[in-house]
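Both complexes shown next keep chain A, but they swap its partner, so chain B is in the first and chain C is in the second.
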Partner chain A sequence: MGEKIKITINGKELLATPGKTILQVAEENGIEIPHYCYHPGLPVAGNCRMCLVEVEGARKLQTACSTKISDGMVVRTNTPQVRETVKQVLEFLLINHPLDCPVCDQAGECGLQDYYMVYGQYDPKFIENKNKKSKKATPIGKYVMLDQERCILCARCVRFTRFITKTEELGIFNRGDHSELDVYPGKELNNRYTGNLVDICPVGALTCRDFRFQCRVWYLEEFDSICPGCSRGCNIKIYYNPHRPHKAEGKRVLRFKPRPNLKVNRYWMCDDGRYGYKFIDENRIMYPLLKENGKQSEIYYDEALKKFADYLKENIPDRVIYLLSANSTNEELYVTKKFFVENYELENIFLPAEDIFTGDKDDLLITEDKHPNTNGVKAIFNILYKDFIKLDELREMIERKSISLLIVNRHELLDEVLEYVRENNVKLVYLGTNFNKTAKVADLVIPISVFAEKEGSFINVDKLFQMFTSRLEPLGVSVPEWVLFNNLSEILEYPLSYSSYKTVLKQMISEVVGFKNIDLNNFDKYGEMVEL
Partner chain B sequence: MSVKILTKHFGIKDSHKINVYMKNGGYKQAEKALKEMKPEEILEEVKKSNLRGRGGAGFPTGLKWSFVPKDTGKPVYLCVNSDESEPGTFKDRHILEKDPHMLIEGIIITSYTIGANEAYIYIRGEYYPQAIRLQEAIEEAYQKGFLGENIFGTGYKLDLKIYRGAGAYICGEETALLESIEGKKGKPRLKPPFPAAVGLYDCPTVINNVETIADIPTIVEKGGEWFASLGPERNGGTKLFAVSGHVNKPGVYEHEMGYPLMKLINEDAGGILDGLKLKAVIPGGSSVPILRAEECDINLDYDSVMKAGSMLGSGAVIVMSEKTCMVKALSRLIHFYKDESCGQCTPCREGTGWMLKIINRIIAGKGRKEDVDTLYYIAKGIMGHTVCPLGDAAAMPVISFINKFRDEFEYYAINKKSMVE
Partner chain C sequence: MSIEISENLRKKIEEIKNKFPTGKSPILPLLHAFQDELGYISLEVEEEIANIVGVSPVYVREVSTFYSMFNNQPVGKYHIQVCGNITCWLRGYDEIVEYIKKKLGIDIGETTSDGKFTLSRVECLGMCDHAPVMQINGDFYGDLTFEKIDEILDSLE
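So, the complex of A and B:
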């Protein structure tokens, strides 16, 4: 193993691993070979015929997606014959295609458009009537719209439901040029990964019912992130709309798409995570709220901080509970620990276990724990699951310990707890991103920014430490938690003095025992394993 | 008088019955092969015989068998291709009807040679009476102990099953046939891997045509050298020629390889209908390039026909008289291939439909001169660019018809009427 063989593509000598295909080797070396049916996450089909290349010694052009390399193989992807063939295959694909780009949501990221500009540009010879198909703009699932006439029958989606989700809802019906993609009779596309079908569809045949017509894709910008929907930590791209703020009712983030990471999510993500993006722009807590005379009203941020500091001073740590969130980033958790445990000397700091295990998981990506960073809490606070507190034990604990200040990071408390807190004049501080019942009754509400608005890191279910970036400004006056506690520490006169996210990150990496193997100068963009 | 191998029992009453077959020496070769010969010895004879695949491709049968890998730990399968669907081809039907036991005997010997204990006959759905007859023959063979456990007391076991197709031409393509037997839609597979290594249920598989297998008992009986001596070099044995079209006596004729095409048309098939002149011949089933009358002075063996620019294919000789309109003739062929395209890969799926639209438009009197070039352009775009040979099968007639009768196509396109009618 490890031995490489020599292959020549377009005159360039390359060393490659045996067993790979021409297409894989070409892609690794930045040589583009056009293709539709090939997808790295799916079995090879070889049906679109766009990747035909010349292989020296072969009688006919060979499909680069299915032809394995051999030592000394000489491949050409740019001969007149190859170019002519690719152009003609593209012409075949387009003769019955409706060319309804102006009303097609795929426009701008369509494989047909893209390849036409590079490999097509022919003088069209087709003057016949186009074939009609039975379904145009027909919903076939909660999130997926089918347009059979735009379909180029590459069958990526069929293979996805067959080999990835193993749900087999999709098939190609009929024969020849009246072949149609459809769901099997009596079936519905209702697996939990249907959004991926839209991603892998190279054309506008499968479009996303959630995203379509919200915004033209060329107005979107994107950045890399990690899905916060569960502890899998699927790598994603966040698409946001900075240039047309009047579109989509002012929502900034319009979609998530998976980003390949073979260590985590391969090429996919689940629908729960994908369509769970809406909390970024909806129902957000933008400004601090203070409850006076039973009514919450907005206050200035500085006022809120001061109020929070007063609460902390007025109550002795023994009578304070802080409920951590497994949605916080490692850096936030680290500063939380610095602030509350090391400086404020708080002992009652817990991660509620109530909603960690929902029992909802599968064999592909979805995990039981619907938080992205439970392992981060474990690593930084050095606690085990058995130490997690149950929300229904909270009331009893508040009573037993005569708690007078309850600080809740993002959780939804049980009604009985809220009732007890109200009746016994326990101050309730809510730190969070979005409104919930608890936020609406809290004495003090302080907004924090969502994951997409800050840099940070999560540790996933497999103990993989993954970092993410942001290109969104926090909404309202919300800030990352580490900024909040850093500011609070100054008011309380034991300043933590973190000047930037980087300073927090560096200190955390050097101090947290489980992170000792991480080298920030040499960090694997696909994540690094840590010890818990 | 030609040597008869495949049709030797055709005149005998009840030739499809096992008792009649046995009375004429049937199953003696299977017994001899299983009892007295090693598989390698049979393979050697088949190699020597120069038997080439009768399904159309003409691939040397012995060589094909030798590709089956040994000791994979997986079962080996034999699939007999009886999907005979190429327009013009109706030779296997006669074997199935009149001498099914010769086929079964060939299957026993072949299976033994390649190490298969299970064999399938994939028969086209339209061959319903033939499937019934074959089933009866298989049952007879089981009753006599020629199929099943411990055949001829040798311990060798073979099960033979019929799998009936549902009417798709594409299922005659060997890998689509495998898909179909596996219960899937008949779509050809990518090659490599070849079926010899990864075939039915991903196991090593040999796929042979009915006629090929029916030759095997005779090769075992008379030896590979004798068989090879019947035809010219590299073309052993006899061949069934299915003659159709504008002849007085259409039918199936058996002759040694290398039999002259014109003799077949003029003597066996009784010459051209109504005393007309010959215009063209498709010598090997509808997918092979057409030959003009003046090109037909050739011998019917794989290499000679190839040299003439066409293919012997399945030996289906389609004869066209001077009154044939080539535009309409081609439109029939394109219609067939358009209907039968599986639709899996782009050039064949889209190209066949496009060609049909154009040629139908020409016939409807709405042609343009440039349509002929477009037809040619589409066919060239299909040729050699598809998953399976069906793409070539659809393209070759178009290319050859236009190459050889371009004037007729242009005449029709420009003048909105046929040149010959």
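So, the complex of A and C:
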């Protein structure tokens, strides 16, 4: 990165890379400079004027977001002059801002509220009437609601549509106190990243139609995770509501937001992933089901495991097929391999490729493979894309190999396969998180927990190994797959004896060839590259 | 919906394009050229200019709505623009504009039903020494009084 230069901020001497701005260097060193229009993922605009700082030698205050550092620069962010100026800037920004915090969905995570605590006038001097804007609570897209009067014209959203999605739906029209943010007349937001507009809006001008009024943000808790929507593996935060479940009809997870990772998703995530969170709480398989006389009914978990074990014992491995899921975590896949390949000696273990190459993709984040861990399957089972099978070849394979037990992990089988299975008395076991057509006709259904309910890791499309945590309990009696197979191995009397997630993880890292570069004691939180 | 571009306008567009071969600079002169020809800047005009310059319609609209000299709606035959900035305001803008409103029976931003007059309030017209001032189409009128307004408006066909 070359030579570092010296810069002093608030009396603290710092070494920084030339070319950076005062604001960037301050942020890196934990010195807070207030700002609205600056966003690390967007071009600098310098229009909110909140980041004014004193630079020795400059006659006037400078905007920290647009002033590049130079050697020996002396900056002060906390002088009386700076504080007084920022107070007045904030008062200007609030001239036409309504005082509707009690009904504003941004309350609690609002830039205006936050900075008013520090830079508020508390005795404002403006006595003029507020200028009313035309659009209040107006939908401007599938997921975004616009309240013009709350807008402070920072233009982050305009720059997002101009430079990130390049769709340019938004602009600031008119002039001076009549300026208003709006979509082009007759148009609405037409891109697949609109949720980010809500994230980057520092005030309540753009709010999320999906999340609005579901829960006050201070009741939410959060944890870091990885979006399972496609093979990009965007880093996310999962927001859930542990305190007032009755407010959301028992739904725990209320929103996803992106977490910055410059190696993967930068600051953004797509709408498909963001609003795909609903499967965590909806239509879940909570308890095992056993089909008897053509009708499924709930059974105890131990019974279900025993039944599963019986099926495995009754059928010879040559006549069993296991369909892997690219939604499983690496640790789950690893234990699946231990159980089925090394102990049960199953050869017919496949990853259906049906939808891996057929999804839509774009140049920003969305990939065609709508599974988070296809590369995990490749790494752990040591298989190539050409080894994947197609779901429409399955019926023929079942017939050719006289299969008598079909175990499906999460996939939706074609009708012709379901029909064949029923007519030929092939036992169908479904392991999954959510109900689908296949689950509803299976002979045995065993619930597994979703990604948000377990620790694990995925390998994304760029071969980046990323770990995620959880703070949610599995619904019903569902467990991670590695627990399921661990328990099953005990019944079948070749116990795998994993005592915890960590033991699986450690053994996997040391055994899988592609993972040899991973050092768990020194793991990069932004992911580690692996070999496939 | 596309707009019809006359031979004259087409020539002007070419001239402007040659004058500013790159960048976004042609937007302002193009807006003037289209407004001179068509009377106002419609959404179709914005789209047309966006195509010519190679930017988005949003970008053109940000410019065209910023300047009060561009009309984003059709205006009457005579566009009365009264200055409402500080000098004119101190010298009687409020009374002047009330008088015109009453005389024509329209509010600011409206057009008379016969399509003859449109009334707007604009920012400084640069003639503070003759405040209060108004502009009708290309012409400026200063030192306004009620009598003078009667005289000017009555003389317009």
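FYI, the second predicted complex is superposed on the first by the 529 of 532 C-alpha atoms of A that agree within 3 Å, B and C clash if a C-alpha of one lies under 4 Å from a C-alpha of the other, contacts with A are read in each partner's own complex, and residues count from 1 in each chain.
Following the convention adopted for this analysis, a residue touches a chain if its C-beta (ideal position, glycine included) is under 8 Å from a C-beta of that chain, and two chains touch if they have at least 3 such contacts.
Owing to the predicted nature of the structure, the values given are computational and were not obtained by experimental measurement.
Annotation: superposed three-chain arrangement on chain A; chain B versus chain C shows a clash.
When the shared chain is aligned, no partner comes close enough to touch A:M508: not chain B, not chain C. A simple residue count on chain A separates chain B from chain C, and the partner touching more is B.
Once the two complexes are overlaid on the shared chain, A:I349 sits clear of chain B and of chain C alike. After overlaying the two complexes on the shared chain, residue contacts for A:C234 are found with neither chain B nor chain C.
Judged by the touch definition given at the top, the superposed model places A:A452 against neither chain B nor chain C.
By the touch criterion stated above, A:L61 is placed in contact with chain B alone, chain C being left untouched.
In the superposition on chain A, A:M269 makes contact with neither chain B nor chain C.
Residue contacts after overlaying the shared chain place A:E169 against chain C, while chain B stays out of touching range. In the superposed model, A:N131 makes contact with chain B only, not with chain C. Applying the stated contact rule after C-alpha superposition, one finds that A:G186 touches chain C and leaves chain B untouched.
The single stretch of chain B with clashing C-alpha atoms against chain C, selected from 131-139, 257-265, 275-283 or 329-337, is 329-337. Overlap of the chain B and chain C interfaces on chain A comprises residues 172, 174-175.
Residue ranges of chain A in contact with chain B, taken from their complex: 44-50, 52, 60-61, 63, 66, 85, 88-89, 91-93, 95-96, 125-126, 128-129, 131, 152-153, 172, 174-179. Per the touch definition, chain C reaches chain A in the complex via residues 43, 56-59, 61-62, 65-68. Residues 168, 185, 190, 338-347, 349-354, 357-358, 361, 374, 377, 381, 384-387 of chain B are the ones that touch chain A when the two sit in their complex.
Interface of chain A with chain C (complex): residues 162, 168-175, 184-186.
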